[in-house]
Amino acid sequence: MAVLGARGRMGSTSVGAIEAADGLEVVAQIDADDSLDLIAENGAEVALVFTTPDVALDHVRWCVEHGVHVVVGTSGFDDAKVAQVREFLADAPGVGVLIVPNFSIGAVLMMRFAAVAAPFFESVEVIEMHHPDKVDAPSGTAVRTAEMIADARAEAGSPELPDATTTDPEGARGAKIAGIPVHAVRARGFTASQEVLFGDPGEIFSIRHDSSTRESFMPGVLAALRAVADRPGVTVGLDAVLGLD
Amino acid sequence: MAVLGARGRMGSTSVGAIEAADGLEVVAQIDADDSLDLIAENGAEVALVFTTPDVALDHVRWCVEHGVHVVVGTSGFDDAKVAQVREFLADAPGVGVLIVPNFSIGAVLMMRFAAVAAPFFESVEVIEMHHPDKVDAPSGTAVRTAEMIADARAEAGSPELPDATTTDPEGARGAKIAGIPVHAVRARGFTASQEVLFGDPGEIFSIRHDSSTRESFMPGVLAALRAVADRPGVTVGLDAVLGLD
Amino acid sequence: MAVLGARGRMGSTSVGAIEAADGLEVVAQIDADDSLDLIAENGAEVALVFTTPDVALDHVRWCVEHGVHVVVGTSGFDDAKVAQVREFLADAPGVGVLIVPNFSIGAVLMMRFAAVAAPFFESVEVIEMHHPDKVDAPSGTAVRTAEMIADARAEAGSPELPDATTTDPEGARGAKIAGIPVHAVRARGFTASQEVLFGDPGEIFSIRHDSSTRESFMPGVLAALRAVADRPGVTVGLDAVLGLD
Amino acid sequence: MAVLGARGRMGSTSVGAIEAADGLEVVAQIDADDSLDLIAENGAEVALVFTTPDVALDHVRWCVEHGVHVVVGTSGFDDAKVAQVREFLADAPGVGVLIVPNFSIGAVLMMRFAAVAAPFFESVEVIEMHHPDKVDAPSGTAVRTAEMIADARAEAGSPELPDATTTDPEGARGAKIAGIPVHAVRARGFTASQEVLFGDPGEIFSIRHDSSTRESFMPGVLAALRAVADRPGVTVGLDAVLGLD
């Protein structure tokens, strides 16, 4: 494996996790001033990209051109960037690029299960809890979760969520994302937590994920690294890797 | 005991609970068309008032004038009404009137503990969860909880809650009540729940109360009925009855 | 619809739910002293069986012989009884019999999601919480959940759960069901709740279901009644009906 | 401040926290090979003792003899050791020794609130959750919590906890500590968590504490260091320091 952005927080944690994993090895650690040629020189067949958004796409292209499979952990790979990656791969049909917006297996399962459960309950709300240094609310994971729930309900023909609220002067009912209420808690002691609450008469069903360290992303990183060589072309998200599709 | 408003929801549930309780008995059930004289005729020493706000104050006066101790469960006894009750009692120093905004011992403990804990943590937020037919948000209990937390923090000289949020276009951060973030969830399956979340570096401390039936108010009703005769004058809230003052 | 065992607790709740549902109608309510002929006389195409275990199998046979689809809610339909139902159906290939051990959609989703998540986490434990009048521990749902988790882990080749406990004189670590730790809480205020806790370094993932009333089974009853006519032969469990298979 | 055992885990974390705290300063860091004279030479008025159980008592004596107030974080200060400390103080009436079995303010509040709430509910159970490398179950905090709950219920004349369990072949009902059911979960992802569940008809009341890092003990350490000089004699536990007595 080659790790690009090896001295960053996710990169350095990943280097440790890869070294500790059975059958995996880091042969090249690339950072800002290092040449990408080290990847090829050290015979890496798979690269893990955690470099900054401004250079990550170039790094992916270099890897594809050199026949190196890529797991992309850099954030911000939107539809436009994914399309560009697809172009890179036009001439390298055997190379796999796995773009992973969220390496947390727990978060991926939470979103997937939430989408499956969504049509079966009358009510649903999302509560996300993060440390108070976070500048944006709600979290990207909460937005994605709400969108997936809304899509699943729309597809199933679910009615609107019941809500008789007529008086809420201070906005206690929170945000509506794709029609789903989303609440953001900011409290010291949380790293990244989220709960999805479903309700029917006489029952509550909930799915919750609490993440407290970067370590919690490592199983997802390793699963991606192990799977990418067998998935030529572009894959977005861990779902396929986890067999959830 | 006499129960006023005996055919209402809280009144009728209370009649059952009193009859089932050791050493307590209902001797008079008064409703809209019944004469209050039944209270005296049946020798009730304590009255439980659940009549509507427009007549409850008159009922309290009648009881005080007839030397009957009163537990008031009717809502809306604000400072002005409490002052009136105090006047009624000027000529009846031995009579006790216990005004109880919330008969839920669990809710009273939650609020009290939240106020005690408030100065010890950097962060605090309140999440209340109710059925979706509720028209107002946040709940009265959540507002009271936030006020008690804010008072306790002010008294202790606690700093402002940390919150780096700069981007929250949809209002996911919820309401601020007395400076304390309050979130209101409305989902089928809840009756009345509330969680108070406290956070410090590396820890979360939480107090939660889930109430699913009117039955959950009965221990508070019985505790109030048992205590009122020994508490001449006006007492507001269950705290004193529970020994929490 | 015909409801057999219509005066029992589940039966009578179901009658109300069916009457309230769009497009469904109860045409026959059968109880202990009533003739099954009422089912045919009233033209019921689907029967819901909540009669006692000693007669339920006979009732299923009668329905199959008369071309009436059946949803079976009576408990205790083990492999032997299912085999008998299969025999009844040999001569009625168009008739559907749906045997449902658990009508709670929330419980079914919890078990299914737990099985899917099981291979992805290092640790897993089950905590079930019921009212203190329950005589057996752990609950049947907890046992079934643990078995499904153990099966999923075995199939994925998951290692044993980590547990360094050497000192536990009072048995605080609870039961081991198929190798999965299961804890049973008995406390007033719960009806039937269960939480499945998964853990990995730096993260906790949990799925929880709280059921407080029989009403919570009604969406499952209605889904079964709506689906059974389109599912000839024997089907066990709600999973297929919910599209989870 | 002097910190004894400064290179240990709690000692080194405390050194950092003291240096970061307003108005506090570390003037001496003592470890295995260092002379205690450094405490006096550097003018420390308060010592924080995290040395090993075999030497900690000697260190406390030295401090008391030299007029230095002591906060003891070393575990294992049982009644016998506390009695010895009391003897040391016989000739030093102005010196304070604060022995703290648990520096977690959250855990102390949890135990205290649990004891206050105990007489008000019909049911109570304790669930503690720790990492799977822990060798003993249940945790010391869970045992102490159960004892405090049992004492509070005994004092209030509470009846026995309701429990109809007659069948529990695998021990799912967990341990009974002082008559209170205690359950121990061991799962990767937890550091030290505990939930106390109270139940009454129609309601659940719960108090929960999740601790994920040693950092969470620092507010308790600082509160103890700030308070000890004003508390001559022996004080056991943080309760008095927190104003909970």
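For clarity, chains are labelled A, B, C and D in written order, and residue numbers in each chain start from 1.
Here is the rule we go by: a residue touches a chain if its C-beta (ideal position, glycine included) is under 8 Å from a C-beta of that chain, and two chains touch if they have at least 3 such contacts.
According to UniProt, the chain labels map to these proteins: A, B, C, D = 4-hydroxy-tetrahydrodipicolinate reductase.
No experiment lies behind these values; they were computed from the predicted model shown.
A.B. asks: For subunit C versus subunit D, which are copies of one sequence, does the interface use mostly the same residue numbers on each side, meaning over half shared, or is it different?
C.D. replies: Mostly the same residues form this interface, as more than half of the numbers used are common to both chains.
A.B. asks: Which angle of rotation, from 0 to 180°, maps the CA atoms of subunit B onto the equivalent atoms of subunit C, to the nearest 5?
C.D. replies: 180
A.B. asks: Sort the other chains by how far their Cα centres are from that of subunit A and give me the top one.
C.D. replies: That would be chain B.
A.B. asks: Please work out the Cα centroid separation of subunit A and subunit D, and write it as a whole number of Å.
C.D. replies: Taking the mean C-alpha position of each chain, the two centres sit 39 Å apart.
A.B. asks: Measure off the straight-line distance from the CA centroid of subunit C to the CA centroid of subunit D, and report it in whole Å.
C.D. replies: Result: the chain centres lie 45 Å from each other.
A.B. asks: What is the distance, in whole Å, between the centres of subunit B and subunit D, each centre taken as the mean of its C-alpha atoms?
C.D. replies: Distance between chain centres: 34 Å.
A.B. asks: Residue numbers in subunit B touching 2 or more other chains?
C.D. replies: 121, 189, 198, 200-204, 210, 212, 216 - these are the residues of subunit B that touch more than one other chain.
A.B. asks: Show me the residue ranges of subunit C that touch subunit A in the complex, using the header's touch definition.
C.D. replies: Touch residues, subunit C against subunit A: 104-106, 109-110, 113, 116-117, 120-121, 198, 200-216, 218-219, 242, 244.
A.B. asks: In their complex, what parts of subunit A are in touch with subunit B?
C.D. replies: Residue positions touching the partner: 121-125, 127-129, 132-138, 142, 161-177, 181-190, 197-204.
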